[in-house]
Amino acid sequence: MAVVGAGYWGPNLVRNAMATPSLRLRWLCDMDVERARRVLGDYSTVGTTKSFDEILGDPDVQAVALATPAATHFPLAMAALDAGKHVLVEKPLTSSLDDGKKLVQAAEDRGLVLMCDHTYCYTSAVQELRRLVHEGELGDLHFVDSVRINLGLVQPDVDVLWDLAPHDLSILDYLLSPEVWVESVAAHGSDPIGHGVACLAYLTLKLSSGAMAHVHVNWLSPVKIRTMVIGGSHRTVVWDDLNPSQRLSVYDRGVERKGSQELPADDRKQVTISYRTGDMVAPALREQEALRAMMAEFAAAISEGRPAATDGSAGLRVMGVLEAAARSLRRDGAFVALGVDE
Amino acid sequence: MAVVGAGYWGPNLVRNAMATPSLRLRWLCDMDVERARRVLGDYSTVGTTKSFDEILGDPDVQAVALATPAATHFPLAMAALDAGKHVLVEKPLTSSLDDGKKLVQAAEDRGLVLMCDHTYCYTSAVQELRRLVHEGELGDLHFVDSVRINLGLVQPDVDVLWDLAPHDLSILDYLLSPEVWVESVAAHGSDPIGHGVACLAYLTLKLSSGAMAHVHVNWLSPVKIRTMVIGGSHRTVVWDDLNPSQRLSVYDRGVERKGSQELPADDRKQVTISYRTGDMVAPALREQEALRAMMAEFAAAISEGRPAATDGSAGLRVMGVLEAAARSLRRDGAFVALGVDE
Amino acid sequence: MAVVGAGYWGPNLVRNAMATPSLRLRWLCDMDVERARRVLGDYSTVGTTKSFDEILGDPDVQAVALATPAATHFPLAMAALDAGKHVLVEKPLTSSLDDGKKLVQAAEDRGLVLMCDHTYCYTSAVQELRRLVHEGELGDLHFVDSVRINLGLVQPDVDVLWDLAPHDLSILDYLLSPEVWVESVAAHGSDPIGHGVACLAYLTLKLSSGAMAHVHVNWLSPVKIRTMVIGGSHRTVVWDDLNPSQRLSVYDRGVERKGSQELPADDRKQVTISYRTGDMVAPALREQEALRAMMAEFAAAISEGRPAATDGSAGLRVMGVLEAAARSLRRDGAFVALGVDE
Amino acid sequence: MAVVGAGYWGPNLVRNAMATPSLRLRWLCDMDVERARRVLGDYSTVGTTKSFDEILGDPDVQAVALATPAATHFPLAMAALDAGKHVLVEKPLTSSLDDGKKLVQAAEDRGLVLMCDHTYCYTSAVQELRRLVHEGELGDLHFVDSVRINLGLVQPDVDVLWDLAPHDLSILDYLLSPEVWVESVAAHGSDPIGHGVACLAYLTLKLSSGAMAHVHVNWLSPVKIRTMVIGGSHRTVVWDDLNPSQRLSVYDRGVERKGSQELPADDRKQVTISYRTGDMVAPALREQEALRAMMAEFAAAISEGRPAATDGSAGLRVMGVLEAAARSLRRDGAFVALGVDE
């Protein structure tokens, strides 16, 4: 395979591709070929090139991983699919939903794997969260609250929503699909440093189940917080990604209303509220590097001829929310329904 | 003075009134006089009564503190003012903004103290926060983010906004007024347990300075979080009220844009972003019970014939935001300007 | 009953005695009767006196609680027992082990309750710890490590061991007795500020089960830590008393050696070590004020005519360790066996 | 250069040697050459060999880094020095102090660099700690307390002191030398799992300045703690290595005795104690990989012909304490002076 892009994320893909036994990394491609050489270091047998065409023409390359700017994802990925290569794309899938749909269709037509690098979905924490949700341990979903803030790299060309929220939205998609999806989204943003785009933003999501999800992303916070609370009727789980010794805390605590229909109307409110205050369990999690597991899934999807766990459709769903959020920002925070054209 | 209401909050007022040297507590009044007696215990010389009129008729009572349900605040406070008593009212001031305005006017006409029990404003943390904001140590205000969530007492008659957000809004008012005020508010709420009112809610506030503030209140969270981040152009402070050994952390960290006007347009974005990554200082704070300091301020305002620090006007401003938030909730989260009738 | 001593601890006893329905507080006694009056405040019906004899002569006083300097515990408690009163004594029981033994004997002879105020034993955390130990959930005891450090009130007349370690030792006694006891102790201390007595100290305790316990007490630490780790063959529990939302964490993690006797000698070491890395459970604990529960136990022991849970014998055992530790300090940290005269 | 040993630590040396521009890694040597190949992976130009002699005979190899079992350090290092190679040795320097002395002498005689891999000394936290100590910001040293516990890899051939305490002791040496050194040590250990060697241990160190230091190491703790408190007369610093956002906290808090000599004897104790309760500062630290900085120091020491910051002498001092501690363990915790033969 080949990795394209030797900037911020590319070196991680290089390192993990090399560590995946079923993959054979042949090329690191970058328009700045010196940068590619620096990434590989002085001891590597992997080749470098600035020619994307050289990679597409190499019959020994079955797959390419794109870690290039978002605007280039569509043309590069489409060319790779056209050349019969499987494609892994860094988030976001493309810059526009329409382009994304074309890619998904192209991959399906050609029977090729198109995978989105939704890295967080391959952490053992998110794997366990998905199990908790899907096996009913949380009960009905009551709410989701996600916070992802720190003194971040202020991006020159995208706002904080397009930079950070794909993480939260891809995790949410992974946890809830296919049973539950986002129906509409309202977004509020602010640019206090005069950067030209929102540097902090809030998303409110109406889910198809009736529950509400909320996302807070912020480039300007001096403290780093990465927390997601998933409230359920049976249990509520708190994911603190910055606490390696206790990433997940599953609380048997909550508020319940019971049997209110059997009571006279006047008594309902006070009588029927009850509180559960049970134990908290922090499940043991395997240590694993998420990117390693993601790369293994890419290899497995190729060899088994099946869609990857975070395939192009998952990428499309995330982009759909981001595009609707962008519209909501322009409409002063009004809810924007997904799948409805402007 | 007299305390009215022996329920959840009344005992705290009783205890602190007794501990304030310049006050003399004569009565604890409650319609359930047995409950009042239980609050006082078996060793107290304070009198109990179920008659509010008895208190109003007692010439030795100069002041009353109301810890009764919100709906009773207006009639009880107005009667007390009419009887020439100074009045301390638990938040919220009244159930409606109009009633609140009448109270403020009545107190002003009679030259009496009307004070709101915005307890948090009297913590040493908020006192220090106010100093940091007003002495310019934070620089220009960039954003405020407040979270107040825990497994709370689900209220039968008010939603989570009216129950918890008065704390955040009164603190915000205390920190920012009179220079900055709330111009409009958008509110999103959810009631996943079918309780009839919102059990979790988010407020987005547009401030007159152009900055944005955000409040998250939630009765259903199994973990308790009480955090406020106040971002500024010079420094950013994080207040964690549940970390007694380090409530305030003042970070000399941030993102800055400098001199962009002197650069050619193409170079602006990337060149002008710079990062400060300086030390963090956790200022030493006096240990003080907020309610004790609040009660002392009530006594001082009476004896000095001046408005209290959190006077009726502060209560009105908080209620104005709450009423606008309630309208926004009914309008699916649209921004509602303050001071504009429906 | 009567409380004697209106200094640091007395007011807590007063408050909790008044809140205990089965007790009737008649007197607060202090040689500085003004101080006693200030403690009671302006609204109390409890009497004050500077005469201990007046209390002993009051036939309505059945019990006295002593919160006076340690040197006075023996004469005051003995006089009270002689007058037929039940006695509660703040830790340490007396200044010398011999005096303590006399008190225990006197109480037994007269059929009176002699109780030590080992407050921590009445927290719900320690109650749960005792349950975990005694019901075998931890398995065999492997080790105990206790840390109690903060910027403390440097005492003029006792060292940090006599000031702070009684807490750790009384908890240890409560958790382990009667099955396991302290056999010998080694103590290291240091006085870096030239105060005349040790301001920080370490105790190493050999337990009768073969396990080792260790205590670190320190008046000079700017950070406050109150942690106890109790390691067992099945589970290990960490008690962090300063984390109210998760005081106890019970870990199903550990190191085990299995079946080594069945293996050839050469293979033993590496083959037989195995690691358990199971879940962590933080049990839900009742909220209760420890001093309230302690006072209720005092009242119950009196009315039921039985020894209190932390009776004079428990106090004697704690003092035995403290005296041995003092000898070890003088002998440069050599182990000193308990129950052996110098 | 060459790295010898492809086990637990060797891969880290390989990775950092490759990333150091002034070094050129030629060989990874291991008796299990397949293991060496696996460490390098499928894309490396670095050579593998099982022959240590081949490395010594390679004139292009100027330096070797040893990551082999402790028992092999002496013969391998001596052979390398004899062959004129500079040597970097994983801790501990050797298995016996005598062997260590011979190595140091041999390196000095030949004018070669002999460096100990005291990795922690190259973290930015320890660099800042050293600055705080040496520039007098802490004042006189009052005490040091170090805790390093977690569910560790129980070693088959060394006890927990030899496995973990070298970290604490090398840091202590780095912070205090040359002005202050360890005079004597007392050690207590316990082996509750019947492993044959101590699995948890405590060291008490008497320093030449009169202050006391204490180290707690433990393989059996389910929670991981890595904390060092360095108390001084002016300030006290807490290093929490597991809190990446606030590794160092410098407290302007403490207890002081002042002017006691001017007071009458009776008044001294109570009058002269005063408390400082100032701010806490968490200094900003550079992000750096310690092992990278250590490798750069090795390269710099070679090229500049000077001893490395953690040279063989530092390794000898650490071993001296470990050997004395081992004797103390055998003598039931009695203090053992350093530099005195058994």
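So that you can tell them apart, the chains are marked A, B, C and D in the order they are listed, and the count of residues begins at 1 in each.
The definition used in the following text is that contacts are C-beta pairs under 8 Å (C-beta built on N, C-alpha and C of every residue); 3 or more make two chains touch, one makes a residue touch a chain.
Treat the numbers as computed from the prediction; the structure is a model and nothing was measured.
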item	value
Set of chains adjacent to subunit A and to subunit B	C, D
Of all other chains, the one whose Cα centre sits farthest from subunit B	D
Cα-centroid distance, subunit C relative to subunit D, in whole angstrom	38
Centre distance in Å when subunit A and subunit D are each reduced to the mean of their C-alpha atoms	41
Rounded Å distance between subunit B and subunit D, as computed from the means of their C-alpha atoms	52
Multi-partner residues of subunit C (at least 2 other chains)	223, 249, 253, 277, 280
Subunit D partner contacts - residues on subunit A that touch it in the complex	18-19, 24-25, 41-46, 223-224, 245
Complex contacts: residues of subunit A adjacent to subunit C	246, 249, 252-253, 277-284
Interface residues, subunit D side, partner subunit C - complex	140-143, 145, 151, 154, 156-157, 186, 188, 190, 192-196, 199-200, 202, 204, 210-212, 214, 216, 218-223, 229, 231, 233, 236, 238, 249, 251, 253-257, 269-270, 273, 275, 277, 280, 332-335
